[in-house]
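Two complexes are shown next, each including chain A; its partner changes from chain B in the first to chain C in the second.
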Partner chain A sequence: MEFILSGANPAFANSIRRAAMREAPVMAIDEVEFKTNESAMYDEVLAHRLALTPLRTPLKGYVLPSECSCRDGRCSKCSVSLTLKCEGPATATSGDLKSTDEEVTPVSSSVPIIKLEKGQRLELTAIARLGLGREHAKWQPGIVAYKYIPIFKVDGKACDGCGACVKACPQGIISLVKEKPKISDPVQCILCKACSEACPPKAITIGSDATKFVFRIESTGALPPEQILFKAMATLEDKCKEFGKLVKKLKG
Partner chain B sequence: MALNQDGLIGGRDIRPVRCFTCGKLLGDKYEEFERRLKQGEDPKHALDELGIKRYCCRSTMLTSIDLTDEIAKFKR
Partner chain C sequence: MELELVEKGDDSLLIKVVGEDHTLCNLLRKALYEDESVVAASYSIEHPLVGVPKFYVKTKKGKSPEHALMDAAERVTKQLEGLRKQLQKALKK
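This part shows the complex of A and B:
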C-alpha cells in the first residue's frame, strides 16, 4: 500500500513508521515441541524457520500473552497450536502445518521447512502467539518506509533546454515542456540527483519537502496493510494519552 | 557468475525463509525461481517477474548455496 502523508514533519512520519513496524501485533510461532526429528537439521534451526513463516492473523479474538488472564501463554485466548507431521522422502513445507484455528494459517503454503530423506520422520507441535515487532523480527507485520517528496527547481535563465536531465533520470520521469524540464510524477522520484549532476549549466536543484512523505507499507501477509496502519495509530494514540495523563499528574 | 554443480546460482539449499536484511518472505519463491533458471531464463528477468525488487532480497536469492544434501550425509 502506498499513500502520501502531507502537512506532517519528519518526527511524526518516523513515529508512524516505527509504530507500524514495532507495535502492530501479529501471530508467529513462539514455541515448538518436537516429538520426532530425524531430519539433518537441529530442532532449533527448524523452530527458527517455522517462527519466520508468517501466519495470517485474525483481527479479533486473540490477546497478547502479557495481557492474558491465563499467565502462562497457553490458553485458547492467547495461543494457537499447530501440528506438523511429515515422513520422507519429502519436503516438509509450511503447508503441512495443521492449525487448530482455521483463521491462523501460514500466509504461504510453499515455504520449505526441511527436506527429509527416505525414512526420516518429523513430528512437532508449535504454539503461535501474538507478539510485537519490537521484541522479535518474526512479529514484524511488514516493511514500512517513507521518502520525501522532491522539490524540483529549474533556473529558467541558466537552463538551455539541452535535455541531459531527461536522459540522466533513472526513473524516466523528466520531460521537456517548452524546452524546460518538468517532473511528471514526483512520487516516482528517488531523489538521486542524477538530473542536477548531469546538467551542464547546473540549472537544476533538487530539494526535499520535509512536510510531505510517500509512505509504503509492504505487509508480510499477516495483516492487510491498512490494518497495520490502524493498529499502529491506535497504539500511538494510547501512548500519547498515557503520556498526557502522566504530565497532568506532574502538574497536580 | 558462480554456478554450482547443477548449473544454478545457489541451487537447492537451506533456503532462507526471509530476506536477511529486510525480512521479506522469500522461502516460497525459490522453487519457481529455480525452475525458471533451469529453463535458461535470465536471473534478472526472473527476479523482476517474481516481484523481488530490493537489492537485499535479490542478493539473498542469488547467493544462497545448497547444503541440505551435504548435511544429510552426517549425523546430528
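This part shows the complex of A and C:
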C-alpha cells in the first residue's frame, strides 16, 4: 500500500512508521515442542525458521499473553497450537503446519522449512502467540518506510535547455516543456540528484519537502497493510492520551 | 507507561517516561516546539536497549510545563484522530 501523508513533520511521520513496525500485534510461533527430529538440522534452527513463518492474524479474538488472565500464555484466548508431521523423502513446508484455528494459518503454504531424506521423520507441536515487533522481528507485521517529496527547482536564467537532465534521470520522469525541464510525477522521484549533477550550467537544485511524505507499507501477509496503519495510529493515540492523563496526575 | 518526577523547578520539569521510547518522546518534543510559551523541550535515552527516556521541558509566560505537555499531547491526539477518521473513510470506499 502506498499513500501520501501531507501537513506533517518528520517526527510525526517517523512516529507512525515506528508504531507500525513495533506496536501492531501479529501472531508468530513462540514455542516449539519436538517429538521427533531426525532431520539434519538442530531443533533450535528449525524453531527459528518456524518462528519467522508469517501467520495470518485475525483482527479480533486474541489477546497478548501479558494481558491474558491465564498468566502462562497457553490458554485458547492468547495462543494457538499448530502441529507438523512429515516423513522423508520430502520437503517439509509451512503448508504442512496444521493449525487448531482455521483463521491462524501460514500466509503461504510453500515456505520450505527443511528437506528430509528417506526415512527421516519430523514431528512437532508449536504454539503461536500474539506479540509486538519491538520484542522480536518475527512479530513485525511488515516493512514500513517513507521518503520525502522532492522540490524541483530550475534556475530559468542559467538553464540552456540542453536536456542532459532528461537523459540522466533514472526514473525517466523529466521532460522538456518549452525547453525547460519539468518533473511529471514527483512521487516517482528517488531523490538521487542525478539531474542536478548532470546539468552543465548547474541550474537544477533538488530539495525535499519536510511536510509531505510518500509512505509505503509492505505487509508480511499477517495483517492487511491498512490494518497495520490503523493499529499504529490507534496505539499512538492511546499513548498520547495516557501521557496527558499521567501528566495531569503528576501535577496533582 | 509510568511517569517519574526527577526534578521540578518554577518553570521547568524533568521527568522519566518509563516504558516508552523515541516513538512517543520525539513526537511530543516536536509538538512542544509549536507552543510559543515553551522555551526548551528535549529528551535523552542513555542506552538504546535498556534506557528510560528523560524528558525536559522549560516554559515562560506563566504557563506551567505540565500544562504545555498536556496541550502538546492533546494536539497530537487530535491530529492522529483526524488521520484515523480519514483512513476509515478511505477504506469504506
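By definition in this document, the second predicted complex is superposed on the first by the 252 of 252 C-alpha atoms of A that agree within 3 Å, B and C clash if a C-alpha of one lies under 4 Å from a C-alpha of the other, contacts with A are read in each partner's own complex, and residues count from 1 in each chain.
The rule is simple: a contact is a pair of C-beta atoms (placed from the backbone, for glycine too) under 8 Å apart; a residue touches a chain by one contact, two chains touch by 3 or more.
Predicted, not measured: the structure shown is a model, and the values here were computed from it.
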Exercise for the section: With the two complexes overlaid on their shared chain, look at chain A and say whether chain B and chain C clash or fit. Expected result: fit
Practice task
Considering only touches as defined above, state whether A:K248 meets chain B (first), chain C (second), both or neither.
Solution key: second
Exercise for the section: Can you pull out the angle centred on chain A between the C-alpha centres of chain B and chain C, to the nearest 10°? Expected result: 150
Practice task
Classify the contacts of A:S15 with the two partner chains as first (chain B alone), second (chain C alone), both, or neither.
Solution key: second
Practice task
See if chain A has more residues touched by chain B or by chain C, and give me that chain.
Solution key: C
Practice task
Give one of first, second, both or neither to describe whether A:S69 is in contact with chain B, with chain C, with both, or with none.
Solution key: neither
Exercise for the section: Report for A:C240: first if it touches chain B alone, second if chain C alone, otherwise both or neither. Expected result: second
Handout entry: Distance in angstrom between the closest Cα atoms of chain C and chain B, superposition on A
Key = 20
Completion exercise
In the complex, chain C touches chain A at residues 1-3, 5, 15, 17, 20-24, 26-30, 64, 66-67, 69-70, 73-74, 76-77, 79-81, 83-84, 87-88, 91
Fill in the blank from the handout: The residues of chain A that touch chain C in their complex are 5, 9-12, 14-15, 18-19, 22-23, 134, 226, 229-230, 233-234, 236-237, 239-244, 246-251
Handout entry: chain B residues touching chain A - in the complex, by the definition given at the top
Key = 12, 14-15, 17-18, 22-25, 27-28, 30-31, 68-69, 71-72, 74, 76
Exercise for the section: Sort out for me which residues of chain A touch chain B in the complex. Expected result: 40-42, 45, 49, 52-54, 94, 107-112, 114-115, 117, 137, 140, 143, 218, 220-221
